[in-house]
Structure formats: structure tokens, C-alpha cells
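Think of it as A, B, C, D and E in the order they're written, each chain with its own count starting at 1.
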Amino acid sequence: MLYREAGQFKSSYAADQQIFPIRQDRIAVGAVLVFAFIVVPLTADQYWLSAILVPFLIFSLAAIGLNLLTGYAGQLSLGTAAFMAVGAFAAYNFLLRVPGMPVLVAFVLAGACAALVGILFGLPSLRIKGFYLAVATLAAQFFIVWALTKFGWFSNYSSSGVINAQKIEILGYRFDSPLSKYLLTLSIVAVLALAAKNMVRGTVGRSWMAVRDMDVAAEVIGFPMLRTKLSAFAVSSFYCGVAGALYAFCYLGTVEPEGFNLDLSFRILFMIILGGVGSILGSFLGAAFIVLFPIFLNSVAGPLEHAIGVKLPAGLMSNLELMIFGALIILFLIVEPHGLARLWQIGKEKLRLWPFPH
Amino acid sequence: MEQRRIGEVILRLEDISLAFGGVKALSEVSFDVREHEVRAIIGPNGAGKSSMLNVINGVYHPQVGRITYRGTQRQQMVPHEAARQGIARTFQNIALFKGMSVLDNIMTGRNLKMKATILEQAIRFGRAGREELEHRRKVEEIIDFLQIQHIRRTPVGKLPYGLQKRVELARALAAEPDLLLLDEPMAGMNVEEKQDMCRFVLDVNEQYGTTIVLIEHDMGVVMDISDRVVVLDYGRKIGDGTPDDVRANKAVIDAYLGVAH
Amino acid sequence: MAFFFEVLIGGLLSGVMYSLVALGFVLIYKASGVFNFAQGAMVFFAAMAFVVLLQDHGVNFWIAFALALGMMILLGLATEKFVLRPLVNQPQITLFMATIGLTFFIEGLAQLLGGANVRGLDIGIQDEPIAAIANATGINVSRFDLAAAGVAAVLVTSLALFFSRTRIGRALRAVADDHQAALAVGIPLHQIWGIVWAVAGFVALVAGMLWGARNGVQFALTFVALKALPVLILGGFESIPGAILGGLIIGAAEKLAEVYLGPFVGGGIEGWFPYVLALLFLLVRPEGLFGEKHIDRV
Amino acid sequence: MMRALKSALAGVAMLGFAASAQAQNEQFIPMAGYWVGPYAAGGSGIYGGFIDYLDMVNARDGGVGGVKLTYEKCETEYNNARGVECYERLKKKGPTGASVFHPLSTGITYSLIDKATADKIPIISMGYGRTDASDGRYFPYIFPLVTNYWSQNTAKIKFIGQREGGMDKLKGKKIVNIYHDSAYGKETIPVLDAQAKKYGFAVTHIAVPHPGNEQGSQWLQIRQIRPDWVILRGWGVMNPTALKAAAKVGFPRDKMIGVWWSGAEEDTIPAGDAAKGYIAAGFNVAGENYPVVQDIKKHVYAKGKGEMEDKSRIGSIYYNRGVVHGIITVEAIRKAQEKYGKKPLTPEQVRWGIENLNIDEARLKALGATGFMQALKVSCLDHEGGGAVKFQQWDGTKWKVITDWIQPDRELVRPMIEQSAAAYGKEKNIAPRDCSKES
Amino acid sequence: MAGTLDTFPRLMLEHARVRPDHPATREKDLGIWQTWTWRQVADEVRALACGLASQGFRRGMHLAIIGDNRPRLYWSMLAAQCLGGVPVPMYQDAPAAEFVFVLNDAEIDFAIVEDQEQVDKVLEAKPQVPTLAHICYDDPRGLRNYEGILSFERLQALGREFDRANPGFFDAEVAKGGADDVSVMLYTSGTTGKPKGVRQTHSAFIAAARGGCEFDRLGPSDSVLSYLPMAWVGDHLFSIAQWVYAGFTINCPESGDTVLTDLREIGPTYYFAPPRIFENLLTQVMIRMEDAAAPKRWIFRRFMDVARRCGAEKLDGKPIAASDRALYALGNLLVYGPLRNVLGMSRIRVAYTAGAAIGPDLFRFYRSIGVNLKQLYGSTETCAYCCLQPDGGVKLDTVGMPAPGVEVKIGESGEVLVRGPMLLKEYYKRPDATAEAIDRDGFFHTGDAGYFGADGHLRIIDRAKDVGALASGAMFAPNFIENKLKFFPHVKEAVAFGHGRDKVCAFVNIDVGSVGNWAERRGLPYSGYADLAAKPEVYELIRECVEQVNAELASDPALASSQVSRFLILHKELDPDDDELTRTRKVRRSFVAEKYAVLVDALYGGKSVQHIVTQVKFEDGRSGTVAADLRIVDTPTFGPDAARKAA
């Protein structure tokens, strides 16, 4: 309905292959960016910035990372949180141990460290597939968290194993207010999301999808299995690593390895299942849902008690939340295996074809 | 019409034997393929035809035998290495990438010619963007060649069988192969689709000079379009020669007795 | 040396406990090709249901057992109907993710039922060393572990008999071999799957009671499933003997590793050691101990 | 979308607070706890006691100085990220914002140190959290009140010394510290090492991976070491498992000393007989025969209200610990009202109240909590206040107090705290406050 | 435009000079719209012209152009004109046999054709066309091994070489051209007899182009989709004459199958289509809307009602009620705008339809959703049009007022006569025909019967010779009735009989798409056209349509006796390959009547079933027979009173 595409024709491949070939999409994306970079900073309060938007962005980034691996390359991973942990601790150590290390460089290096670890744990993917691989990634989850807890060097011998993220300073500007952290996170996430989008619509993305859809054929047309899968692990882990660093530096400020537990990995997996496997947009939608939904349930619980005057059993909401999440996962897998992103896609198609149904 | 110059032998298979567990798929099969020719492999079901193709491009590794491709002898090869050397193929059961559009599927065929690193692709700067555009043009030519313009953006999973086969051929062609292996390119097609596919195969062979090895059940098609035919039965070679030779071969007639064609 | 044997025996016996959980996985995988991540949650749920009946409602032990079994069967059937059946013919990985969702659902349900506190469960067997053996050899062997091993042995034997001797069992095996073919010869697939999920529920209940008696019934019970995964990788997803043997190997290996290797690296390696072991094993034999080699046809 | 959601949430909240909207004479206290997950027993017990105490004060006294106490629950699931979200959500609630924040998790406490300092909201981490925050010069807003882990550990060693017949008898003894492999669990490793050096005993640290429901091999190790004492530093399900595992390898339970997070009914009852004889430290005691608990029953439960669904938990260790949380919070507000007047106070004013808290025995008696908790006096230098613990032993059905308040080894602990806090200050570039200038 | 710009080549060169980088031609090829600017077009044409010259193409020669709408074929026309030659575009879907006549009649020496298909046909015709010496092709696919033909690239390469060797040649040739030179020769579709070559001069077509462009204010920024047969005068006017006159952009679709997609992509501002296309589009719309969910259908119906009520008036700038204005604005957001968009008509400023009568409902539909659709009237001999509907003065039942500079009058027999600058110069080699068509006063006899209303608008009734009379003496205008029937989406084609008879009977062709969809929704299985056409349910459906037409006819006293009293549904679709339709898809009524005489007899003989065997030609050229038993159905007719009620 809102899409008026008549007259939008492409006279070059460059125009045809741009990220958003439809003008209305470009306008919408522009509007979202304006909203995120200008409207939000002007209107959002601290709570929204630091408790919802920043984690939402960080989880989106992690979800993109997982989506690249699982959604695009078809390699199910349950170790996302561990790669985030690698990123968080690596960034901390780079800043701690290399004098004068710029923060952004540290983030990139943190991603690189996570990528290396990802490659290491991706090696088994050459021989094993499917949930065998999923189980193998659990090894990464448990081992990495254990190693970070166990070897004091990683946490600078902090007695508790907790690390305190250093202050973020870029070109003399201190990022310590929630707003500045939000803008920093937003910028990094926007850039990386764009890069992810570029990758998935380029050769490397096609190589991942090829391996996912039909690995023998992928190899036959010349995608080396080893390099392709490992590149997926590396890039995915890079994203998770950067997300982990942001998680420590822009969100919590202090983290302990146990914070990057299996539960977090599952949470991110849920984001992509609900949001949309194999979709960058889905990563954002899923993250938004998983971040907001519990908060929503939680914040209605108290007022609800007041309103109806009945004391709800302790934990009711939290248990319901678990059940609803579980049920939603199943529901989505049954009804719409491609998640919210597909629903969005369908809605958009409908709008494009409106008033026709097909 | 005879403009193709059939050249030297470019692929030679000698004494290939292949077994899965205890089951022998191929036993001491030898034959060769000349440059620019259309070489057919025929035989009843289970004769080892697909195994033969799989041996050529390294999906299966024969226990015994030698493969000589363009003068280099090798025992075995991994498939992507074969691709690198200019061998492309299609599969008996369509092996398209179901989650991708026709265009992207065909683009994957260009992968060996793309050089941009992941980083370049991520920022889509310089080489990466340029390559995408250049290769898109190439792919469009193939789309044009195979007349599948109208399904360019369709996810391959939604296409009818015949078109999927055509897209698979397009993907193989996108690699600009020297040697094209076609595993039953016309299986399951109706007469019209078969005619189209025959024409495409011949056009490829003619226009690009691509050497073609194909497996086909339809005797008529095989006899029409191939220069030489190898006949396999129970993993052994029972005939080899021009279509006419093969048609006259006693062993072949026996093997095909009862097989309606 | 006595200590080594004590560790070894202790490991083997706790390995049996892992096998018990792994058994549930294997049953379901064998029949429906579903890797049921929710088996751990089912163990938790079963134990919780049992404990709540026993303690909060004062139900007699055996009646509680029967009722809990009934609930597990219901849960199994419901799972088959509402989760598996709509997802039939989906890729295995999708089913796997669905069972992760199921895990969360069951966890929430169990805690809604019984709260979040640790609940003790006494099934009448003390988890103490058997004095006679301790005195004779200096090796502590837990009475409880021994009993659990006994239960596991009985369970495995009866399941093996069930599979080989009964009509349903044979149908199950047929289904496991080839769904389509089974369907073609008139085996009621959904009924079979329902039965398998019910049996898996039964196994979960037994495992839940044993684990609950050992550690208390609480949310953390779901984590035992995580221990069963490497067991499965080692033993192969489709093999009951594999699950037993895998359990024994993992149990013994992780205890030995923790005791003898742990101190050198700071301990606490039990969490990942079985995984790394299984992983290394996978690299050598991707199909597991008893799995069959699989060839991709193209 | 965000805006829309926000107004939707606000709408729901309005609905709830419509009745009390006009009453602005309120002091808001956030209740970020956990009622689900592996550690729910602690969370539900402590926040049960805490909330009941506040309700009792409201019902009995009409609030503090006429100011009604209000609260709102927020589920953290013992998860840092959720905890931070709860903090951010609740910190601006009420007419003056969150008076004081109890994270009830060491991890969340760590995550909030910077934020709370920036927001000028006091954090009370009673019996957990960051030990070196006891040095108030570097941590003006963090209060690890009553006693911290290090103090407690020295008291524990003192207790062992008592049992062994003197601190000199510790030489050559073997002590195992079996700990939850997390920030919380690892806190006491340095202080134990220091004491081992000081008293000449050998200490072995054995980690139990989260959540701690598998301890077979750890206890086999313990059996191999054959220690004289085992210090159990567990949490949640790790505790009953440890007791059962100890029973399994035949380690005497009366040689096991638990930290206060390992010494509640929820830890022992599930272990059954295996728990009998087990000793645990505590900065509060179990039992409901204290006037303060009786008051709660009278003013809250008798009217059909109250947080605890399971009434038998009233008077349990965790519940009573919650009551201690309540007492200290209320007393801090009361103290602050002395200075700032009887009106809703800002968090910063409450902070002053906490820092100048002085609950002596007389006050304890007035509160009906004599013997229930220790007297404490907080200062700018000392954000701990008390430091002593009582030891209790499980007799199979209930906790029995077996010692009086045992004081910590301050000479050992304080320098370590100061050193650690100074290091933190240096890392974070914080100049210490000059406590002589604080009033 | 300066006075010297009196030929198309000069106009083209002027554009290349004035707006060198303005897109002149686009073609969807290799996935994108390949674009050529005016400068590039001028270059291409120059190379091509020189190439033709190098091969011996000289002034006055005819260049056959056969193929779909390809830029190179359009350029070829200009190239021929540059050399003083005459392009002769031919219908690309005609079989080789039909080529022979035109190729011989026009004495073709040179032919530029699109692809292998056309090359094959031309080569097939060649033995019978002694003059044909040069064949040049655009698309080389499949032509590798053909001997003696020239690729377009090669021709241009030769041309560039020639140009280098003879630098002044091209410009000199262009300079030699005069306004009164013949610029194009178009063969009339030949509803009757053999096609005639209509010779039009530069000045005639430029006058026509100028008139149209000024009338509708067309300029360089406009854009059209060139998809109609190049041999048709309408396409020549729009895609050549007005293109080169106004300097706008023509867009060639990727293929015949993708026209609708391409239309949507390009979103032309100026659009031209015969009623059939508009009708098909509307049918598509209705079919697709049938599948929509109920709420959407409700919205659609609701707002289409609003549009019917006030849409056309709004477009004409007439005052409408405020409530309607608001509803229309909402409808524009929800329905009309999106609808225009999916039809590719969002940007259309002016759309024309011509060639046949358009149904009032159809016409009103497009105008009501905001598409400025207008009718024009004209023929090949008048450079496509002589009457146009002005903006704001659009009437459903007229073809508009005489175009600027055109005189139109009604002859004594009621025939429409036209005089003006865009009249044909002559019929090629047919002085007799020329003399017959143009009278002494210079009026061209259109052969159409019509009259001017009081408003000055011309109304066309039918072909003058087709207007007949029933046995009762009442007027019988078969086209009129047929069109009324065809306005139903279910009716694809209709043939009415009645001249000299006592009543009117009709053949009907159902529209397989529309009726098929209708059948599917009712769970009615069918195997093909013939099967579907024979269904009693379908007969009932069509009977209702006929009945409605009868009701409408009954309300007009002059036509009341023309009500269709019996009809049958033909067992096969009328097909140009079987000569039942012209290439422009007009019914050849007399041919049909002759071919299906047995059916006509059955209709009038009162039979209810008739067996028929028909010869058909299949697509691959083979022929065969189709046999069927056709049912004949009576339909109720109305007296004047009943009619008023029904209407």
C-alpha cells in the first residue's frame, strides 16, 4: 500500500544490487537511522538508554553474529556467549596491557581474538554436522568460561574473577554517560550490521548459504569446505566478540565469566529463531523481542497485583515467561520457521502488492 | 554444422575401481574424453554412471585407478580442486541451494573468479563491489542464454522441476568450465523441456566449445547429441564408441534387453 | 591404588546415572529422529511432580509414582501431538531447536508446580559408603550408586526385551529404520511416537527420582541433561548399549580427570572435560561408538 | 515503537498506582530479587522477610517518621544484565527515587558499583558483594554491611582454632575450601591464603562448577586429601549436594563449616540426614521467638497479609536475614531523618544515614532483635560496621546456635581491604575521601 | 523547433546536439534497463546508416524491419530515413507466407530483423522474393552457422569504416532529405483484401507528432513503453514520430512475457494501448481481487463505488461533494493509488486508447481511479489520429473533437471524412485505391460511420460497410453489440449476426483466464478451453451477461430490436493464425460467418445442439481438426418497459 514502485527502474547493476533497491525501503531505513541517532537521544531517558536500548543493540549484534553462523552458514552453535566472553576479556586485557591502546582498536582486536577462538572451535565442523556440532559447540561454551574463570591472568588476578571495564575514551572524549555509550554502541552496531549485510549478499555470504543448503554441491562448484565453514565461524565469532566487548564496556561495566553462561547463549539462539534465521533484520527483531518481553511481563506484574488486589505467587511471572518463551519458540518453528523477519517480509510483500493478495 | 574441432584427449580414466563397504560400484573402468566432444555415459540403473562422474570431479575417491586430466595424473582430488581446474557439473537429484534466488545460485558459479577478501566484501569497497557488478553481467548473459530471465529473482525452491534443472545448468555454466559433467540433465522432463535442454547442451558445446560428459537415459537423446558413448553395466564397461557402434554392440543390446527405450 | 579404584568405581557408577538420562534421549531419537534436548527438563519435571505429590499432598509413595508416571505419559503424548507432529518432515536441526523451546516450557511448568526451592527426596536408599566394602578394601562404594546401577541395569534389560520381544517394540524398530516404509506397511506412526515419548517419560521419571534423591529436586536437575550429551556423542544417538557404555566412559573419565588432572589446572574441569573428550572422539569416529558409517549419495 | 511501548507501560503502571498517586509522603525502596532459578530459595526468603518487615513497620508505626515505606519487586533471576535493568527501571521510582538498592547478588553488585556511584544511590550488599568496598573512602556509595566475606573467614578460622583448642593448634592442619566457581566463590581465596600463611595450616581450594549439583570428584579429592576441616562456600543447590557428597565419602559433617550462604534450612533439609551435625556461620540467627518476628506475625500475617506462601519459612535463616535487611534499611532512613527531617529522603540523604548508622545493643533491644543480629556502627572509613558471626549447627531439624558473636581478625583483614581498595582507586583513578572531614 | 527541423533525421541530430546526455532509448536487457542517450543514439544511427550505405542501400529504397520492439530496430528506421530510404516495419508474428506479399509488394532489398526466428522466416520467404539481397540480424543467438547474413555489429562496423572513408557522406545524405519525402510505409492490416502500403511523408508524421505533443504538452521528460507492434501506426506515432519530435525516452520491454512487469518498472508518463490491453488489465485486477480476503474485498468494493460515483468527475475537474472528496482521498490512499501503482500507471499523465471501441465501464474504471485515459480516433492513413479527447472534455461515448489543424466532416452516407496535413501521400503502387480513398476535395474517406453530437464530439457507430439492417429494417451495428458483450470480463470475443435476418444471434469466446478462475473458485474441474466452454454452468454465466446486454440495448429505442436472442459458445478460440482475426485482433466477421456457416444456420434454424468439425493450425505449424457438439441457448429479450426496470 505504501510501496509505490512504479517507475523505479534500474539502469545499472550497481543500482540493481544496492542493499535496498526499493526507494521506500531506503526512506524507511533513513528514517530509522534518523530516529535512532537523533530522535532517541533527544527524547529517551536514562532507563531506556542504558537498560533497554544499549543491551538491545548489543544483543542484536551478537544475534547477527550467531545468525551469520547458524542462519546463513547452517552451523548451529550453542556457544555464542562464550565467544562474547572472549571478546569482553580480550578487550579488557588489550586496554590493560598495551599502553595507549585506542578503545576502538581494542574492540576490533577483541573481535579478532574471538574470531581465532571461533576458528579453533569451528574445526570440528568439518567432520561433524547438525546437532553433533551443536553439542560440540557446548564444549566451547563450557571450556571458555572455565578457562576465563580459572586463569587469573585473564582477569588481571582479580580475587573474584570479575573484570572492571576501563573507561572509554576516544579522541579525548569520555564516553561515560548513558547517552554517549548508546551512541557509541549504536554507531558500532550500525556499521557492523551494514558490513554483515554486505557480506551476506556477496560471495562469502553465498558461499555460506551454499554450504548450508547443499554442502556437496557447494564443494563441487568450488567452495572449499574448510575455508567456508571456518570463515563463517571466524566472522560470527568476531561479531560475538565485539558484542561481548560492548557488553562489558558499554553496558554492564563489570563482568564475570559466569555471566556469559549457557543461558545467554540460548537467549541469543532464541533471538534468531524468533527474529528470523538467516536474516539480519531478524536479528534486530528477535533481540528487541527477547529484551523487551520479560521487562514488559515484569513491569506489568507489580501494577497488576496492585490493580487486581490479589498477590500473585512469587515467580509466577518469571515462570510464565519461561513457558511463554518456550511455547513461542515451538510455535514459531511450526508456524513461521523464519520468524518475525519473515512475517515482516510477508507484510511488506502484501503492502507491495496491495490491494492484490498475491 | 561441423564447426567444432574435436581435439586431443583431455581426460583419461584408467582402471578405475570404486567400492562402498563391500559393494563394488565400479570395476576397472577405463575410458577417455576428448576436448570439445560430447561424451555420453549410458547404462541401466545401478550401472555406476553417477559414481563415474563423482570419481571424475572428486566427490568419490576410487580405491584403484588413475585419472589424468590435462596431462596431470592424480589419484584423487577434492571437488573444489576439480572446480578450480575447470570441471563443473550438475547432479542427478537437483542440488541447487534452496534458500537462494536463481540469480544468487548462478552467482555462486562465479565464485572461483572472485578475488575480493571477506573484509573487502564487508565494506564493499573497491574490488568487492566491482566484482559483484562484473560477474553479475556475466551471469546475466548466462541467464539470457538459457532464457530464464523471468525467474531471475525467484527462490529456486519455488520453481518447477524442469526450470530447476536449467538453473543448475546455468550455475555450472557460470563457472565457464572446460569440462562439464551433466548427470541426467533431462531426467523427469517432458518432451518439450527435453528438446529445449538438448538445444542448450548443444549450444553450450558449440558456442563455448565446452567438453561435455553426460549421463542420460533417453537413448534417442544420447544418440542424437553425443559424439561418443560409453556403456556401463554393473560397474563394468561393456561398450565404447560412436552412437552407431554402440547401437550395434551385442553386449549393449543384451544389457538393455527388457529396458524399454 | 585403592583410591584410583575408588575414583574409577565412583566414576563408573555415576556414569550409570548419566546413562539413565541418555537412555531417554536414545529412545526418542531412535524412534523419531528427534534429538530431544528437553529430556533434562523432563527429568526435572518428573522428579518435581513426584516430590510435590509426595510431600505437598501427602500421597503414598507408589501412588505418587503412578500419578507422576501418568503425568509424564501425558506430557509425552502432548509433546508428540503439539510439537512433533506439526514439525514432521522438518530438518532435524529444527526439531532440535523446538526441543530447546520445549525445555524452557517444561522448566517453567515444573517450577510453577513446585516452586524454586531445593526439595529433598528420600527414596529410602542412603547415599553412604557400604561399610563392608569400605572395611574390606578401603574403597568407598556408595550404596545409592550401586542401587542406581541396579535400577539402570533392570531398565536397560527390560527396554531391550521390550524392543526385541514385543510387537510394539518391533514396530518401533521398524519406524526407526525407515519412517516412510513403516508408514507404508501400516504401522501407526503417531501412535508409536506417542508410546516412545511415554516410555521416555517413564525413563525420565526413574532418572528424576534417582537424581532427585541424590541432589535434591531443583531447577539444577535440568543440567544433568548437559552431562548426558557427551555420553550420547560417544555412544551414538541410536544405540542403547552405546548410551550405557558412553555413560560409563564419561563418568569414569571425568572423575579421573577431575581428580588427577584437575588440580594442575585449577579444578572444575568436569564441566567441559566430557565435551572435549567427546569432541576429540568425534574427530576420529564421527559416527560414535556404535553408530553406522554414513555415506552421502549425490 | 519505543515511545508507544513506553506509554503503554506507563499506562499500566498508572493503573496500579492510581490509588496511591496522591500520597507523595513515601519512601521508595526497590526490591530487585529473584524468585525463580537455581538460587530462588535465598531470594524468596530474604525478600520475604525484608518486605514483611517493611509492611510491619508501615502497619505498626505508620512508616518511618510518618513517611510510608513503599517498594516494588523486580525479578533479576540472579542475572547481572537483568539486575542492571531492574536497577535502571527502579532507580527513579517513588517521589525521591530509590532510597537504597539491595542487589542480593555479588555479580549484580559489581555491575552497579560505577552506575550507583554516578547516580548517587547507595548500594547495600549485606554479606556479599565486593569485600574491599568496606573501605568507604574509595566506595562512598557501596556498603557491604554487617560483615564481609573476609571478616567472616577470619572468624571461621578463629572458630576452628577454638575447636582445635587454640590458634596455635592450627599449624599443620589441612583445610579444604570448596567453593562455588564464581565471583562470589572466589572472593575468599586470598584471605584464606593469608591466614594459612599466618597460622601455618595448609589450605586447598577446590572449585565446583556452576551450579554445583555434581560434586562427586571434588569430594573424592577431599577424601584423598583427608582434611581436618572443610569450608563450604556454596550457594543454592551446591550446598545440599555438598552435604550429601560429604556423607557419601564419609566426611564428618561436624567438620564442615559453611559460609552464611550455605547455612540455611533450604540447604540442609533437602540433604536429609546427611546434613546432621553440619556447622554454618551466620550474621543472623534462625528462630521466630524474637519480638521483631512476633511483631511481623502480629501486624502482618494475622491480618491475612504477608509475603511467605509457606508460613513455615518464617523464622528461617533466610527469612530472618531479610528482616535484618529491613531493620538496617529502616534504621538508616530513621538516622537520615534525624538530619534531614521527617520527609521522603533522596538516596544521597539515605546514604548519609547508612554511613552514620549506629545500632547499639540498646537500640537492638528496642527493635526486639537482641541476639537476633549484632550491633553495628558504620563510618566513613568502615562500611562494614560489624564483622562478627555466630556459628550454628544443624541438628537434623533446626539450626542451633553454638557460639556467641565471634569477631573477625581485623588486623589481618583491614590492611588487605585497604590495599585492595587503594589498588581499585588507582585503577579507576578515584581519589580517596578524607574521612576526617565527613560528618 | 526551427523551420529546418523538418525531417526525422534532422530532429534526431538536433536532440543529440541540444540534450546529448538525455536518455533516448532504454531496453530491459541482461537484467537492467540499458540506456542510450540521444548522442549515443545518433552515433548508432550514423554507424548503421553508413553500414547500410556501404552495402548499397540508396535513396528511395525500402528497408524491411521485422521483430519485437528493439532499440536497434527503431534506430534502423531512423538510419533508413537518414539515407532517404523508407523503413517498412512488418508484423513480426506473421508467418513466412504472409511476409512474401509485403516483401514483394515493397520490393524489399534490405531487411533488418530481430533474431533467428525472423531470419528463418525471411529465409523461408526469400526464394519467392527475388529482390531481397541483404538480411541483417540483431540477436546472434543460434545464428553462428548461418551463411550470407550479416550481424548488426558487423553492419555497424562496416558503417564506421565507411564513415571514416567518406566523412561527409552521412551529413550530406541527411541534408538531401526533404519534408515531403516519404518517411515510412506502413501496411494496413487489411480487414478486407490484401494489405496496402500507406506512404506517409516526414511532414505528415511531424505534423501529427507536433499536434499530439502540443495537445498533451509532451516534452523530453516524458517516457513511454514501446511494446505495441512496430508495424502498427500507433506505435510508429508514439515510439518514432513523437519520440523524435519531443525528445522523450522510449523503453523497450525485455520480452513479450514481461510487458506488465516492465510497465510497472518504468512507470511511463504517456501510455498508449488498444482497449484489449486495458480490458485484460481490468480482468486481471478483478480476478486477483476475487482471491483477496473478505475485508480487503470489502474495502475495494466500497471505494470502487466511491470512485464510480465521483472519480471521473474529479479527474475532469468538476465540482464534487466534500464528503466524496474526502472519501476519494482516502480511497486514493488505500485503493486507487496502490492500484495505479501495481498496474504501472502511477506516473501516467496521458493515456490513450484507440483501434476499437472501449467499453464505458472499462473506460470509466480507469478514469475513476485517476488514470487520465482518453480516446482518439484515426487510422494508418491519418497518422494514427484525427480526433482527440481534450483533458477535461472526455466523454465516454465519443472519440473526441477534431485534432488541431484537422478537418472532419460527415459525408452524405454518414461516413466520416477527414482532411489535414497528416493525410497519407498515397497507397504504394495503388493509384486506384488512393483515388478511391481521397476525394477531389482532399478528404480522406475513413470508411467509418459516425456523427457529431451537439457538443462537437464525434461518435463512431461502426464500419460504414458493416452497419446493416435487420429484416425488419431496423439498424444493425454488429460491432456495437459485440463490444457490449466483450465488456464483460468473461467474454473474450463475440461475433454478432443479424444483417438481413429477423433477429440477432451471436458466437461467444469465453475468456479462459477469467472464467477459469471463476470455475476454480466453484470447484469446477475442467481440462481446457473446449471443456470449460461446454460446461452448462459456464453457459449459464454467459447467458446472464447476454441478458444484461439485452437489457441495455432495450433501453435505446434505436437498438432495442438488436437484442441477442440466441447464442452459442465456440469450442475454440478465434485465432489470427486461423485467419479468424486480423493481426490487430479484429474479428473478420464475414470469414467467420463463412467458416462456421453450419453454426450460423443452427442458430437461426432453432436447433439446440450442433455438431461441428473445424480445421485448426497448431503453434508448431501443423494443422488438425477439432470436433465438438455445441449447445445453443436462447436468451430472454426485453420489451421497452421490462428493459427500463432491468436497467
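As a working rule, a residue touches a chain if its C-beta (ideal position, glycine included) is under 8 Å from a C-beta of that chain, and two chains touch if they have at least 3 such contacts.
Everything numeric in this text was worked out from a predicted model, so none of it was measured.
Graph distance from subunit B to subunit D, where chains that touch are one step apart, equals 2. Relative to the C-alpha centre of subunit E, the farthest chain centre belongs to D. Central chain by Cα centroid: A, whose mean Cα position is closest to the mean of all protein Cα atoms. Put simply, the C-alpha centre of subunit B and that of subunit C have 48 angstrom between them. The mean-CA centres of subunit A and subunit C are about 33 angstrom from one another, to the nearest whole unit. Taking the mean of the C-alpha atoms as each chain's centre, subunit A and subunit E sit 56 Å apart.
Within subunit A, residues 12-13, 16, 146, 149-150, 216-217, 315, 319, 322 each touch two or more of the remaining chains. In subunit B, the positions touching at least two other chains are 59, 91, 95, 136-137.
Looking at subunit C, residues 111, 115-116, 266-268, 271, 298 sit in touch with two or more other chains. The residues of subunit C lying in touch with subunit D in their complex are 3, 6-7, 10-11, 14, 111, 115-122, 126-129, 134, 140, 142, 144, 214-221, 223-224, 227, 254-255, 258-259, 262-263, 266-268, 270-271.
Across the complex, subunit C is touched by residues 74, 76, 124, 127-128, 130-132, 134-136, 138-139, 142-143, 146, 149-151, 216-217, 262, 266, 269-270, 273, 315-316, 319-330, 333-334, 337 of subunit A.
Taken in their complex, subunit B has these residues touching subunit E: 1, 3, 103, 136-137, 140-141, 143-145, 149-150, 152, 203, 206-207. Only residues 12-14, 16-17, 195-196, 198-199, 202-207, 209-210, 212-214, 216-225, 231, 235, 278 of subunit A touch subunit B when the two sit together in their complex. Contact residues of subunit E toward subunit A in the complex are 23, 26, 31-35, 264-267, 285, 288-289, 291-293, 296, 299-300, 333-335, 337-347.
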